[in-house]
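Look at the two complexes coming up: chain A is in both, with chain B in one and chain C in the other.
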Partner chain A sequence: MILYVLRRLAAGLVLAVLVTMITFALLSTSFDDVASSIVGSGATPDLVQDQKAQLGLHRPLFAQYLDWLSHAVRGDLGLSYFTSEPVRSAIAARLGVTLSIVLAALLVTVVISVVLGVLAATRGGAVDRIAQGVSMLGYLVPNLLIAIALVYVLAIELRWFPATGYTPLSENPARWVSTITIPVVALMMSGVASLTSQIRGAMIGELRKDYVRTLRTRGIPTRSIVLRHALRGAAGPALTVLSLEFIQMLGGALIIEQVFALPGFGQYAFNASLQGDIPIIMSISLFGVLLVVGVNLVVDLVNGWLNPKARILS
Partner chain B sequence: MTELTTEPGSAVPVRRSPLRKLLKDPQAVISASLLLAVILLGLLSPLFTDHGPNDASLDAVNADAGTHGYLLGGDESGRDIFARLLASIDTSVVSALIGTSIALAIGVTFGLVGGYFGRRVRGVTEWVFSLVMTFPGLLLLIVLLPVTDGDYRATMLIFGVLLSPGIYRLVRNLVLGVKNELYVDAARVSGLPDRRILRRHVLSVVRGPVIIATAFLAGSSIAVQSGLAFLGVGSSSVPSFGAMISEGFANLYEEPLQFLWPSLMLGIITATLVLLGNSLRDVLEGGRPKPSRISAPERRPITPSSETSVSAPGLLTVEDLAIAYPTPSGELTEVVSGVTLSLEAGQTLGLVGESGSGKTQTAFAVLGVLPSEAVVTRGSIRLDGRELLGLSEGQLRGVRGTSIAYVPQEPMSNLDPDFTVGAQLVEGLRAATPMPRRQAREHVLALLDRVGIPDPERTFTSYPHQISGGMAQRVLIAGAVASRPALLIADEPTTALDVTVQAEILDLLRDLQKELNMAVLLVTHNFGVVADICDRVAVMQQGRIVETGDVLDLFTTPRHAYTRMLLDSLLDEHALRTDRPAANTLKTDTLKTDTLEKEAR
Partner chain C sequence: MRIRHPHPRSHARALAAVGIAAVLLASSACDSESTGASSSSGETLALSIFGTPNSFDPTQLLEGQQMYVWDSVYDTLLIQDNKGRLQPGAAKSWQYSSDARTLTLKLRTGMKFSSGAPVDAAAVKATLELIRTTPGPNQGVLASVASVEAPASHAVVIKLKQPDGSLLTSLSTAAGVIGDPKTMTSKSTALNPVGSGPYTLDKGATVNGSVYVLKRRDDYWNKKAYPFRTVKIRVISDQTASANALKAGETNAGTIDVAQVGSFKSAGFETKHVQATAVAALVLGDREGSVLEPLGDVRVRKAINMAFDRTKMVKQLLRGSGRPTEQIFNPKGPGHDPALDQTHSYDPSAAKKLLAEAGYANGFSVTMPSLVFTKPFEPTFTQALADIGIKVKWQPVPPQQSVSAIASKKYPMFLIVDGLNTTPVEARNFYSPTGYRNVFNSTDPELSKLLDRANRELDPAKAADIYKEINEFGVENAWYGPVFYIGSDWATKKGITYLGDGSSTLATIRQFGAADQAP
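This part shows the complex of A and B:
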């Protein structure tokens, strides 16, 4: 078990190295532009070259990457080209905002999808139509439009929630909840859509399996058959969808943060990318991969716990 | 479970071409024509507008809708909203084209490669695509802004790459499926080069799902492009819904309509793409599965005749039972029509017939576990004088386990793969006979020992995939007899097992029957099994009982032609099995092929 986790973590680290390496290679095509925008107006080719030399961008690409990597491993993510602010502390401060909306959205997505999917698969009729309607809505309407519609109705018209801004959880839990409510709802819609229909489909398939009939003939209550047995069988594929949803949400959070003016990871990444702030961009991609690796590991562990066959295979 | 799907008498549905079906589907027609209209509007925009999308005029700043030459008015910078809206359609179309074509080109190519070539090549492609999949798409697009310089076409190029893993997996799985199928066929036919067949088959298999996926890919390309433009990525001279929404959003209080138009248009485009995709899926792949409730079978108002009939003595009496399934057109087709059976305590009744004759359906009806679509149209099922038809699932639960129990055909699929053997047996035992967990555990261990499992402790903690088919069947028998039922219904309990194990399982059933004085209803197609274990036998054909009698009488003097045919086939079956491969299924005689198929499994 521990060996398995270690092996997965090692694979994750290899992935992180690869992705950052590729990112760096792609970014290298823009080094001239970055340097010239730091120099500002009146940049001459000579000044740009000087600036590149000063930032160390003139060295061989691989040497630069190794240099970045060796610092990153020691926790030194460098300074911002433009503000000279240390990248590590800046990211640490913003990661909390992004994670609180993404994880909250993920949690709510799971709860709603499981309830709706299971009810739709077992009750049919009106509940099933509602579940399919919700899925449809989530697929049909882009996240962005949902976010704006929610802001318009809930924040501007009804004034139930603040339209923008963020209060940290540690400062005021109640305000934290109210500032992240609309972003979370907007973020989770497409996740709820795909996860609900996934769980519905998997539950229908599971409930048609032979073992369900055999369990019934033993006099086992329907509730146990549905929630203990069938749901467990349906959970594997749903978890895979969930981990993909997490990746989606991490991306979706960028737009949502912009709409709601949340001081998160996404906004930071966005501004850095517009400016070409290489150290920040590299750190962002590193954190992005590490988050995904972490969530996938958790998903795999949960899956192994639920599904004994996956345990053997891994 | 072949009996569930074969409905005797139901006609083969008429095949219609997918395009024809699509044209009959209002959702497909409406969404496709709406989409087409929008695209045409975008392509022909110069015909509809007087201004270019970037022409600014001071007169037109926040102009009202309908102002001369400005159909939807002007925006904050004095540009024609209508012209920008139509130009944004073009941007979306280009985005969708770039995103989907890149995703399809990469995904389909490597999907074919990964599916067709051996394990090693697949390993590499697999790894590369899971690498791509790990990356949060939007984040990467933003991270690479310095590289793409905000040009939406370059961005969509990268997004196409990010979308490709989905297509890759889809195509790879389809190709693998075809390949495996062909290998099975090739083994049968032997000697045909499968490369050529594969090429031909793959195309027809891959086409449908890829068309469906394309609609969704186009939708997400457009959504992402708009999202990025909303954030302010890209040149402001490229009109885009995202940019228009963002500008309108900022201007929401003064001119709410400026925000409405682009949102509406973006909503229409993505919605029509998704709806079209769903219609395509329904047409090309068949409808989505319908939920099935876990409940006692639906029962039509009972015909008075069966109420008045004198109930025969005996443990189980089935009278005039009829079961029907709705056809796609809504009518009911009977699969069991008027079955009458009776079984006394301690007796064994064989229910014999070919598959599709309704014997399994009859057994399920007694257990109350018919599929939810099934309707019991008439008849009565009494256990110890108590009518079972019409009982709710909850009431039936009290009967199951203690009074009736069930041993299925396929041992493996009838155990929940996610629970240990012990946990399943303990749960079943405690559901039927409430007792402390520890006592239940002791009881189950003793039962496992009784049914001939060599190491009960180990089997108790094993998962179903860790034990053999024969062991699994013993486990299921243990589960069935755990609460000492009065009636055991065994549905082809030996069919799925090795020949060597079959006899042992029959011996076990016989011994347990004597020990517990159970009545056994044994569903089988095999007269050998009947001769071995049954006292009486009922022969079923096409949903009816054609002959009932003592085993000896029936074997020596079969009265019905069908019984004689079945008895003859018993000899045929053995003759065939020795000199022909099991997979050889010649359609000479439905009965023979049926038994062969069952043996082959």
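This part shows the complex of A and C:
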């Protein structure tokens, strides 16, 4: 088990090195452009070259990459070319914002989807139709539209929540909750839609299986059969959907951050790519790879814990 | 067979999750505290800007909206008032020598950096020297400077390689800031600047890239120009979000879309329309015809100018928030001449005739760079030019390459949307052989003489006449294809007034007045 985790982590690191190396190679074609952007449109070609030299972008490509890597492994991700803000602390602050909304959205998604999915599968009838309707709506209505409508009603008209901005959890927990509520609701909609239908389908399949009939004949209460046995069996595929949902939500967070002016990871990445802020782009690809590797690993481990058939033997 | 029950903790976990979710939803619904920009008094000005400010290192400062932050922290040698006129800043007076090659500035006494150190000629000299020797956006602005001397504790002498009509304006912007010599070369300056300006950056309340909080200094010499004790500048890149923040009372001043003016007015906001803050123009750069032969012929450039129904474009593309123009100079500046706006009136058939006379009866094709800011206008420009037989192909250019793509001389003509500036700076950018909008470094003996005269002229009224002649030369020879000025609309909460009218092109807190203060 430990060996498995270590192997997966090592593979993740190799992947991170490869991805950042490719990113750097791709960025190398625009080193001149980045230097021109910094010195501005009025600059002479000499000035651009001076700027390039000052940033060290004139050195051989591989030497530059090794230099970046050797600093990165020591936790030094450099300074932004444009704001001179240390990239590591900036990413940490911004990742906090994005993970706040993504993890909260994920948590709420799981709770709502499990309740709706299980109810739909076990009760059928009107409950099922309502659950499917909710799911369908979540699929059909874009996040952005939901976000705009919620801001208008809840923030501008009713003033229950702020329309924009973010307060860190450490600063004021109540305000933290209030700043992330509308973004979380907007972000979770499509997740609830896909996860609910996934759980509903898997639960129906599970409840038709032989072992459920056996349990019923032994007089095990329905509640226990549904929650302890069938749900456990249905959890595997749902977890896979959830891990995909997490990665999708990270992408969706970009738009949500834009609409709510949240200083998150997506916004940061977007602006850095527009400007060609190389230290930030490099660090973002690094964190992106590590996040995806980490989430997939956690999902596999949880899956193994829930489902003995998927358990890793080594 | 005994059925193995799942781990009992799973129930507890599920309950905990539901519990957390419940708390999360419940507490959020209760919390309705307003985010708080005070709206009734002039105590706090909370405004939003679209992009993250650059480093606050004095050598890396950029103009545009981000100037609200650094212009509040740093003093500049000169300042521009809300009518765009140069006024004493940190320098209480200035004088050019008769050959316009030596500028002597007398500094105000008693000024202090927020660190407590005095502002003197040595600090001014050190900052100017640092800016002109450090690669960055302002190094080129001081290219005409030969040396800076500090002959007395409050006198600075700037010697020039050649007369530079735009220098005084430059000293009212990023190139004229005064940094604290003790800290300005240290890395911390990028995020924690030390200046002698009206405000200090409150590092405790500032979140880099998100919100910048400024606290007014009570010992500032020009305190009356800054009625707000606190200024909060929020970075909100989305226009809808920025409008939402205003409506929800999270900010109390900001630019809004022209379509929203009515709804803001009825919600009790003050609104102010500024008719021109930027100009959209085609740069017909290849005036020798080296990349695209037809552009070498002035008849072709004139024909292009006649292809645009400018009034209709303002109405449809800008929904009326702007005005048509055939010249690139700031309409509030001394070089603007309303009479020139009838030079190349919209007339596609006359344009076609001109093209035929020049030998291009069948038109020609041109590739132009498609940039972030040109996208919304491309279809209209494509159609207008197609109507006179010019086929445009737009080549996508990634945002980080836009500066270098234009500078590469690959594109004989291209569309720009440039913020307006003062006339001397515009003359330098658009007409001097090294001006960055004069990409192909075009020269003309008549124009060179005019530029030289403008640079040497010390009397503003006479200089204005020369700038008008420069403008006339540009329009007559169709160096550019200006189409319209883009306006902007400000909304402010009652009690706060936007004082700008487009005359000053700088973003400064001096443009905001409190109700109890005369504008």
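Going forward, the second predicted complex is superposed on the first by the 310 of 314 C-alpha atoms of A that agree within 3 Å, B and C clash if a C-alpha of one lies under 4 Å from a C-alpha of the other, contacts with A are read in each partner's own complex, and residues count from 1 in each chain.
Throughout what follows, a residue touches a chain if its C-beta (ideal position, glycine included) is under 8 Å from a C-beta of that chain, and two chains touch if they have at least 3 such contacts.
In this text the structure is predicted, and so the values were computed from the model without any measurement.
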A:A121 in the overlay: touching chain B, chain C, both, or neither? Say first, second, both or neither. first
So in the superposed three-chain picture, is A:H229 touching just chain B, just chain C, both, or none of them (first/second/both/neither)? both
Does the superposition put A:G205 against chain B (first), chain C (second), both, or neither? first
Kindly classify A:G219 by the partners it touches after superposition: chain B alone (first), chain C alone (second), both, or neither? first
On the A-aligned overlay, A:L144 touches which partner chain: chain B = first, chain C = second, or both, or neither? first
First (chain B), second (chain C), both or neither: which does A:S36 touch? second
With both complexes superposed on chain A, which partner does A:A90 reach: first (chain B), second (chain C), both or neither? second
Of the partners chain B and chain C, which touch A:L169 in the superposed model: first, second, both, neither? neither
Contact-wise, after the overlay, does A:V302 reach chain B, chain C, both or neither (first, second, both, neither)? neither
Counting contacts the way the document defines them, which residues of chain A are shared by the two interfaces, the one with chain B and the one with chain C? 30, 33-34, 148, 152, 156, 215, 218, 220, 229, 232, 258-259, 273-274, 276
Which part of chain A faces chain C closely enough to touch in the complex? 30, 32-34, 36-45, 47-48, 50-51, 54, 79, 82-85, 90, 93-94, 104, 107-108, 110-111, 114, 148, 151-152, 155-156, 159-166, 173-175, 177-178, 180-181, 215, 218, 220, 227-229, 232, 258-261, 263, 267-268, 271, 273-276
Where on chain A is chain B touching in the complex? 15, 18-19, 23, 26-27, 29-30, 33-34, 120-124, 128, 136, 139-145, 148, 152, 156, 200-201, 203-205, 207-222, 224-226, 229, 232-233, 244, 247-248, 250-252, 254-255, 258-259, 266, 269-270, 273-274, 276, 281, 284-285, 288-289, 292-293, 296, 306-309, 312
So in the complex, the part of chain B that touches chain A is made up of which residues? 1, 131, 133-140, 142-147, 149, 223, 226-227, 230-231, 233, 242, 245, 249, 252, 259, 263, 266-267, 270-271, 274-275, 288-294, 364, 367, 369, 371, 393, 397-402, 404-406, 408, 410, 413-419, 424, 427-429, 431-432, 463, 465, 476, 479-480, 482-483
Can you list the residues on chain C that touch chain A in the complex? 3, 5-6, 10-11, 14, 17-18, 20-21, 24-25, 27-35, 48, 51-55, 57, 60, 62, 135-137, 139-141, 187, 190-191, 207-211, 234-238, 240-242, 244-245, 247-250, 372, 398-407, 429, 434, 436
